[in-house]
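In order of appearance the chains are A, B, C and D, and numbering begins at 1 in each one.
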Amino acid sequence: VTRVADQPSAFDVLVAQAAERLERSAFDFLDGGATDEITLDANRRAFERWCLLPRTCVDVSTVDVSVELRHARLDVPYFVAPSGAHRLFHPDAEFASAAAAKSSGAVYVTSTAASVSMEELAAVAPDERWYQLYCFRDRGVVADLVRRAEHSGYRALVVTVDAPVLGRRLRDVRNNFSVGPEIRWANLEPYGAADLGGPTDGSVVARYFADQIDPSITWDDIEQLVASTHLPVYVKGVLHPGDARRAVSAGVQGVYVSNHGGRQLDRVPATLDALGDIVEAVGDELDVLVDGGVRCAADVVIALARGADAVGLGRLVIYALAAGGQASMTAVLDELRDDLIHTLRLLGVPRLRSLDRSSLVPARPTES
Amino acid sequence: VTRVADQPSAFDVLVAQAAERLERSAFDFLDGGATDEITLDANRRAFERWCLLPRTCVDVSTVDVSVELRHARLDVPYFVAPSGAHRLFHPDAEFASAAAAKSSGAVYVTSTAASVSMEELAAVAPDERWYQLYCFRDRGVVADLVRRAEHSGYRALVVTVDAPVLGRRLRDVRNNFSVGPEIRWANLEPYGAADLGGPTDGSVVARYFADQIDPSITWDDIEQLVASTHLPVYVKGVLHPGDARRAVSAGVQGVYVSNHGGRQLDRVPATLDALGDIVEAVGDELDVLVDGGVRCAADVVIALARGADAVGLGRLVIYALAAGGQASMTAVLDELRDDLIHTLRLLGVPRLRSLDRSSLVPARPTES
Amino acid sequence: VTRVADQPSAFDVLVAQAAERLERSAFDFLDGGATDEITLDANRRAFERWCLLPRTCVDVSTVDVSVELRHARLDVPYFVAPSGAHRLFHPDAEFASAAAAKSSGAVYVTSTAASVSMEELAAVAPDERWYQLYCFRDRGVVADLVRRAEHSGYRALVVTVDAPVLGRRLRDVRNNFSVGPEIRWANLEPYGAADLGGPTDGSVVARYFADQIDPSITWDDIEQLVASTHLPVYVKGVLHPGDARRAVSAGVQGVYVSNHGGRQLDRVPATLDALGDIVEAVGDELDVLVDGGVRCAADVVIALARGADAVGLGRLVIYALAAGGQASMTAVLDELRDDLIHTLRLLGVPRLRSLDRSSLVPARPTES
Amino acid sequence: VTRVADQPSAFDVLVAQAAERLERSAFDFLDGGATDEITLDANRRAFERWCLLPRTCVDVSTVDVSVELRHARLDVPYFVAPSGAHRLFHPDAEFASAAAAKSSGAVYVTSTAASVSMEELAAVAPDERWYQLYCFRDRGVVADLVRRAEHSGYRALVVTVDAPVLGRRLRDVRNNFSVGPEIRWANLEPYGAADLGGPTDGSVVARYFADQIDPSITWDDIEQLVASTHLPVYVKGVLHPGDARRAVSAGVQGVYVSNHGGRQLDRVPATLDALGDIVEAVGDELDVLVDGGVRCAADVVIALARGADAVGLGRLVIYALAAGGQASMTAVLDELRDDLIHTLRLLGVPRLRSLDRSSLVPARPTES
């Protein structure tokens, strides 16, 4: 007897397609995490520890899946999380991923390490587009990136703080991961730092990172960033409730609970596990975003019920990009939206903004 | 050394026989659950987290396995749970399953989606027979079904509330599940909605369901149903204690804790896990029924000890129907009764109605 | 790299030897448990949930492993638990097992279902020998067995109360378990009930049991038994603390926590898990014995540290009997004693009677 | 798709190299533990139950990994734990391991059972070198060893108290573990007890141990040892908080939480699990050292965050010694230091001495 659990899921098929179409080193760069990939795995398993607890006899003939952030209403509660160098995964690069986000109503966050510049991307990206920022040693670069994001219509800044140094991504080290001259960090071309090509010993990303990124930034730098722009700022990579409290006084609009997809420090908590304490600490004062391990609508619902205001999609959509470009990624995003509506119907929650912890129970209650 | 755990259990043999005799798509329709079948699996595993705690030196020379509901005394504490289209599983269809229930003393619940009409079935079904109702968009259909159930001697109504839309049963979708013209929803023939045949894209049941079933019903509809009939009403598909409380004020006779055999929303709690809070919330005021994952007498005992008043049998008896028609199903039900008496003797509980939580302990206590 | 865990342990070797030398149906009768053998397995796993917590800098040059019961001092803290029909396992039958117990200093408990009569056995058994009693429908048989035990020098009675009917031992049912004419229940010959031979449908033991054993005994019967003899009485098969309390008022000397080696009601707690609450309930007033799953000295230490006064050995020594008769069983018992002394040295507990719960911690503490 | 978890880690490769280069019996002596090797395994798994909880926006441009003991500042927070007879693993013996420790800045602890005498070793060992002591039956030997350690520049004594008798190392027994004449216990040559060669029945180490080591030592002996030397004394092998309290009054400088690498009493707690209660009991008054299962920088960080003052490295560095002598061991130690600095950067803890429990969370929180 073959059970459904014995068959590859739609997600498994997507990963297999991506694996087939990509060079091994590019696939590993996408698929891999830091060190023993324990956190990478934990991000997924954390969702398995929660059950959905449905209400019945609720009119679910129409379902509203929009959510509200402090600066914007989102049509869907998820966004394309920032990730670098989409040209590694598909020749259409960020043009494809941004267009897919736009057609499906999702926010798009472009990375400092994008292979398409933020100005080029503005034309195809959704109106609600955000810019992800690394803190370069050269603060002039940072200031210029912020100014350019403002000018090209980005509506929020996402500053990454969990990467003072790069994580130990053993697959990249083993693969001597490097990229051809066609892969450039387009946002950085004005500063002469865009070229990743040429031979390398170990990971080219790790080498570049050590050269350019500042490991000495503090909350004072965050405060100065907030003061330097009219854009709302999200601090990405927060796992500790104490940091979330500090973020409040730094004046940011939100914290973004992330472990960088398990790619920075291994053996940190799953983001879903870290989320609860952070919502408890700052949920009334800040937006709380989260990413890590989200694969389906039930995961989105669990993260939101635990208190997140919106949920980032990383590998899920990039596997799709690799598997079939804009079309595949659009299909995944549209399917996710259908699945979310269907899930909310069966959950008895027609208005996503009303969702709260009463729709969850631990998966294995201890009873007596 | 071969241990008993290495050998197929009687239940495993039954499933294998069903798998052998049925078309793959029919077997999958019976055997499968929603999405990743996590809840389907959880229903079973929940029973493994409880141990039976026997009393000794009790006179168990005679054992009484009857239980009391608000409207009836049941000879055995279980009933055949409603499931559709038994002709898919055996040519004798509901005639076989209802007769097996009658001969073994169990309540029989026929489905709105039965392949034999409730009137035809009345002749062979037990006196204690109940009718399961879906809420159709056309409320005239609902009213007529209720009137017919009353007239043909059904003694309770079981209204299903966990299916405003159909669950994502991926096996059915993959199989393009459809049925031949010999499978009809006989109860619905008067309303021109009985024919399921013909080509389909995806599951024929899902398509039919979306057309006919009303996703907007509320507790007001339940109250109107209660007011429209002299029959006691059970609300089937309740998992949330808040819904159980609401059911009290709606005037129903009981709540039926079910997740539709893991066929509706995946990743909801196992019914046994949900049962405790619901008994706590309404056990003194309503009958509490439960189904999901019951495979043997010990499971029945655990569910009753957790506070259920009676226990539904779903796949267990339908696999038997598929394996060998009325004879196999009767054998399974008779064996269950023998096993129940034997279990209660060794448990030191000669009167099933006296069973309570003191006969259970968690399977892995945490001690200090 | 081969780790020790990949190699068969001494215990595994013993079981394999027993399996090789016995008829399959005799091995299964010994090795098997009831129904799904969940309790059989749980008895073992319960020990894995405890760690030994040693003390250091204690003078362990001499170690005393004796313990005190209310009526006797035992040289070692374990006894050969009652089990039936040793002739099934070795031609020397109970003569071999009793002699092994005597040479190693352990108490020997002979079964009502022994293949050697208690009178014959008295000559080779240890001075500290006990008689296990079933409650027959014919109370004259019971009274006579008690009188005979008194006259042939047995020093305690162990009355089994967890078997009003026999457990469902599926291996025996599948094997149509029966025995040849050489296997007799020698203690029962005076009552014309000793012959187990001849064809059978299902297990011969189950059939015999249903004929002879009384399922209606109550605590009143226990009180009458206590009043009828000067021997101390142990009630064997208690798992519920409420029964242990009742045993106090029945006037017994002790309760014997047992689930009949997982051979009666399946899915009851592991005896080690049940032990704690029973010691809590009656440990100051009664002796508490326990059996189930003990395989090595560390298991003995854990059971005693949880509050047992002595520990029964069942399958462990019977596998040895089957593997090599008296010599093998003596070797196992001597090795156990050496291992116990060694364990207590490393545990820093030179006097076993001083052992208490401070020498244990849960195997996986939850810390915060 | 091949995941990193499917590939052998650097540690696995090291063990495989050691296995390849060593005689089987020598490898088993190194690799094995007592009895069922449950504690050996538990030492590793205990680390998996903790997550690192990083802080962000901390200046980590420089990282200080030194720690302070009561008598010394250590450049790195780990030390080479005492282990015997390094000549079994590499011809350069302790000369190689001590030189590797020195070049990497780690404390070196030489064993009483070393194959090189403490005087010979002094020339190549680090300035911060300690001497491990067993309590011989002949206290004159003990006194002389202490005097020699003082004279040859050892800065602390580590007295082992978890070995009044040797653990049951089944691999050694099975291998009839013995050594050739080239393996001598060089520290013991003055006392005529250095020769381990010649035929043996079972483990030669076990036989030697039973002859020479005193199983009657008590805390009085520890007090006398403390009084007999100006060197600080660590008591190695403490797992019980009560013993840690007693160690305070005995006047030692510290307790060393160890289960002898799982080689003494099996089924005792993982050292990391025992550490917490001991730090709670004596952490303000004594140094607390710990060893067992440390394989990488994250493990070191977890042990220190749980309250240890320094961490011992056992098998990790000895596998390296076996795999490639001083060069391999130096490489492992240098890599560990780099990894530690990297881990602290990503953890947001630039000064190791500031690390505390706020950097840890349980790996699977139970939330509600």
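Quick note on the criterion: a contact is a pair of C-beta atoms (placed from the backbone, for glycine too) under 8 Å apart; a residue touches a chain by one contact, two chains touch by 3 or more.
Predicted, not measured: the structure shown is a model, and the values here were computed from it.
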item	value
Centre-of-Cα separation between chain C and chain A, whole angstrom	60
Centroid distance [mean C-alpha coordinates] between chain B and chain A, Å	42
Residues of chain B touching at least two other chains	366
Chain-level touch network, classified as line, ring, star, complete or other	ring
Which chain pairs touch, all of them	A-B, A-D, B-C, C-D
Parts of chain C lying in touch with chain D, wherever the complex brings them together	1, 3-5, 7, 9, 48, 50-61, 296, 298, 339, 342-343, 345-347, 358, 361, 363-368
Complex contact set, residues of chain D against chain C	15-16, 19, 27, 31-33, 35-38, 41-42, 49, 161-162, 164-165, 167-168, 170-171, 174, 215-219, 221-222, 235, 237-240, 242-243, 246, 264-269, 273-274, 276, 362, 366
